[in-house]
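Got some structures for you, see below.
The two complexes that follow have chain A in common; it is paired with chain B in the first and with chain C in the second.
What follows is the complex of A and B.
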């Protein structure tokens, strides 16, 4: 017996994971995304529905640190005036005469910090009559940065909640089907196949059409989560079933039966934990599916409804060629979706290498 | 017979195949009295383990009981409900397996797995449960129960693991212990220790043991009665002394021969 403290399988996997720099960068990026979604109301200069029609499609603003004479003034933004160029195209021109200082911890739209502490303080904002649009504004003059931060709350949380629901379902159905076998197995697996048979996107649309259209935004959010969860669980249940069939032949399962454990306890304690390393990887690799699913539903206007922001419905503004041509910054939410999806995939792949050395792909380290 | 703990009458177990229902256990009669050690001896494939599992109602799906009855304290286990069987398992009849490394779940600590039995069959509070687990490990002759309780199965030696397995089996105070080749995976000196431990526990806890083995030499020192199984049939049944010293059946003699060397 060695005196050295022995490491659990997960601790060893984590040590290997830390060595992979790409994956750690991805963890860092996702950490920032989730953190900023959590504190979106504090970090964003405006509320998600604060609009000023005079700033419709205002481009990303420049922050000026010095005045015309080159003296340091602190961060400032200039006022914007709307003009038409020689092609009668609307353009915003900075107005030197109007200067608004940008300050930290300014008072702005009221919100509830973490959902229960009422506050008006925002991390940064502009004083006076000016408006601050670091990433530009949308058609109704709402700040895109604020809307992306608020949208992250929905787009990022939908992945986690969706994966939680579909994995609970998949693990339960797969575990039960594999453990009992016979008729129960046959019935549950045919049921899964019905779900797998229908192409995911059409199933999503069909389920969405079953949802009443007088829902408020929270209800729509929940409906979208549940709909997305219904797509992914069947495939997982099949794989867990296979693992469960092989695991139930282990002698410790027989030993557990001999001790008088109930079937449910055996599935929960002696079968499902052994599918953990597969499940963790599968969870990481399937979260992007939920994020993209939400984006797809919202993009075509069936998901989250305006004025509530999600990355998908922010992008729905960018569906026409005209808005993209004149206001390319409205494509920015797509960059966030892209980064999030890439990060989850890289983390999932790296975790697979760390958790299951037998699956290690060549040249990944 | 009244007063018997376990009474198996004319037990027939066959393969679950309508066309070729091959009999694995063919008319076994066996009686285990209160506080007795009865050995079930036989070669590979003679139906020893199958008989043991059928007592607990845990036959694999491919096998089924065709005839007979298994009376345990006046209750026919073959007709008992699934719920009742689950109560009996662990609480009244427990089992010790051949290879404790396989019989323990590799991802949980020994102490937690011991407590699992106590959670199901007793109403002890958390602290009492932990104390009871350590006490059990001490009972089976483990000198540092605290360390063993904190260990994972693979961190213990084979002998330690088997002792822990026995501790788990006696945790809920069963009346009958089915020991399925409890020493086959251990070396010879350990075999003797484990056997002594089982015998000591049998006397202290006043329980009965159904010892499944192929080692007639060991049976001589341990068992009160011996049943020799061959091809699913009991070919010889009687007091241990008589069977070992005056074997009547050719197969018993062969088994004795095998252990002469």
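What follows is the complex of A and C.
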């Protein structure tokens, strides 16, 4: 018996996880994404629906620190004037007679900080008549950076809420089916199979068609979350059921029964937590599915509706070859989707490697 | 009589026919009668698969019995509901075979003990009282008191089995069923645990139903032994009598194997009659006939 602190198996797994550089970078990236989604209204210079048609498809702007003579001026952006080149193609040209200083903590579109503190202060913004489009603007002259930040709120939270719903369902149904067996098991598993038989994308479309047309954006958001959760839970329930069938034969479960713990307590305390190593990995690996699912629905116009932004419906503007050719920056939301999906996958894979050794010491023999 | 089993039976479906009906059964426990006096120490011995574990689980009602009666302190608990069983659960506790799976790896020893204490609402109202009782139990199973914050994977098999015994004792049971509780330990540790069990029996006035496939272990611990074969008890007598004067051919086989340290060797298949019964052959030496 040594004096060092006793570690649970999850703590040991976490220590191993921290040693993996790539995975920690991914955690860091996701941390930034989720953090900026949470504070999107403060971080973004504009509200998601602030538009200026004069800046339609304005390219990413340069920030100038010195004037033409080389004197330091502080950060500035120049006004943009629309011109046509020799092929009658629209191009924006910087007009250095118009200069607008970029400043921290400027007053802008009103919002409610964290949903309840009214505020007009934005982290940064441009003073005067100018507009600031660091990542360019979309067809209606809305700031892409602001829309990506706002869109992250929807795209990133859909993954979390969706996974929460489908895993609660999957764990509950799987745990109960496996633990009780017999008729209950039979019924629940046939029910799962109904959901598993239909290919995910068609199920998604079918469920979507059941949603009324006159929903507002919040209702559509919720409908999309529920639809996506309905696709993932059945497969999970089947796997959890299998684990639960073998876990209920463990002697600590029998001991708990002999002591008189209720079935519900046993499932909650001694069965489901042991599926955790599997579930955490499965959760990490399935979140991208929800983000991509939302993107797919929004891309074909059945998901989040304009002017509300999500990464999926931002991308739907990039459906034609012409906008991509003239304004390639509207593909940027795709980069964010890509990065998020990669990060979740790397974290999921690393977690699996870290959790596996502890699975072996759980007395599987 | 503390515990009485009357004609208790448990068949498991072994094969299903084409339509999902059951075709064949495993006769795990086949019309067993057994009586256990308070303070007694009875062993059930028999080869693996003869139905010992099933019998133990029937008594603690992990499985419902197909037929027969389980009578505990004069009360027939065979068909009691979960709620009705509550007062009996603390009276009968069980220690399992595999020390590596009998403690939930996610919980510290403190939490393992606390879970059992919470079931006896109001008995240990404060954490201090819980701690005091835990330390007393750890002392009883000869483990240091400072292990409460540790996780099961930090202990050896013998230590885990001591912890499992302590957990079973939390509820102050009268009857302790030990299902192959020392079988997976090496011989030295086995001997220590047996000695501990004998001490505990004196200290807490326990009744043991000790299950083992090993006659040598049984001789160390029990005064009376029941030999089980194919779901039936074939011989039941004081341990000394069984060793000196085994009557049933299966007991003879088992004994020869135990003394020679070799696996049970089957020369001719032993057949049990459909309506065979335990008969007293004199001096409380029961043999199936």
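One rule holds in what follows: the second predicted complex is superposed on the first by the 357 of 365 C-alpha atoms of A that agree within 3 Å, B and C clash if a C-alpha of one lies under 4 Å from a C-alpha of the other, contacts with A are read in each partner's own complex, and residues count from 1 in each chain.
Definition applied: a contact is a pair of C-beta atoms (placed from the backbone, for glycine too) under 8 Å apart; a residue touches a chain by one contact, two chains touch by 3 or more.
The structure presented is a predicted model; accordingly, all values stated were derived computationally and were not measured.
Q: So if we stack both complexes on chain A, do chain B and chain C clash, or do they fit?
A: Because the two structures are overlaid on the shared chain, the partners are seen to clash.
Q: Under the stated touch criterion, which partner chain does A:252 make contact with: chain B (first), chain C (second), both, or neither?
A: Both partners.
Q: According to the stated criteria, A:181 is in contact with first (chain B), second (chain C), both, or neither; which is it?
A: first
Q: Given the touch rule stated above, what does A:274 touch, chain B (first), chain C (second), both, or neither?
A: The answer is both, since A:274 touches chain B and chain C.
Q: Just checking: does A:261 make contact with chain B only, chain C only, both, or neither of them? Give me first, second, both or neither.
A: both
Q: For A:115 in the superposed arrangement: first (chain B), second (chain C), both or neither?
A: So A:115 meets neither chain B nor chain C here.
Q: Of all the chain A residues, which ones make contact with chain B and with chain C?
A: 1, 6, 250-252, 254-262, 269-270, 273-274
Q: Spell out the residues on chain C that touch chain A in their complex, using ranges where they run on.
A: 57, 60, 62, 82, 85-86, 89-90, 92-94, 96-98, 100-106, 108, 115-116, 119, 144, 146-147, 149-151, 153-154, 164, 167-168, 171
Q: Going by the contact rule at the top, pick out the chain B residues touching chain A in the complex.
A: Touching chain A from chain B are residues 56, 58, 61, 86-91, 94-95, 97, 99, 102-108, 116-117, 120-121, 155, 168, 172.
Q: Would you mind writing out the residues of chain A in touch with chain C in their complex?
A: Going by the criterion above, the answer is residues 1, 6-9, 250-252, 254-262, 269-270, 273-274, 361-363, 365.
Q: Any idea which chain A residues touch chain B in the complex?
A: 1, 6, 181-182, 250-252, 254-262, 265, 269-270, 273-274
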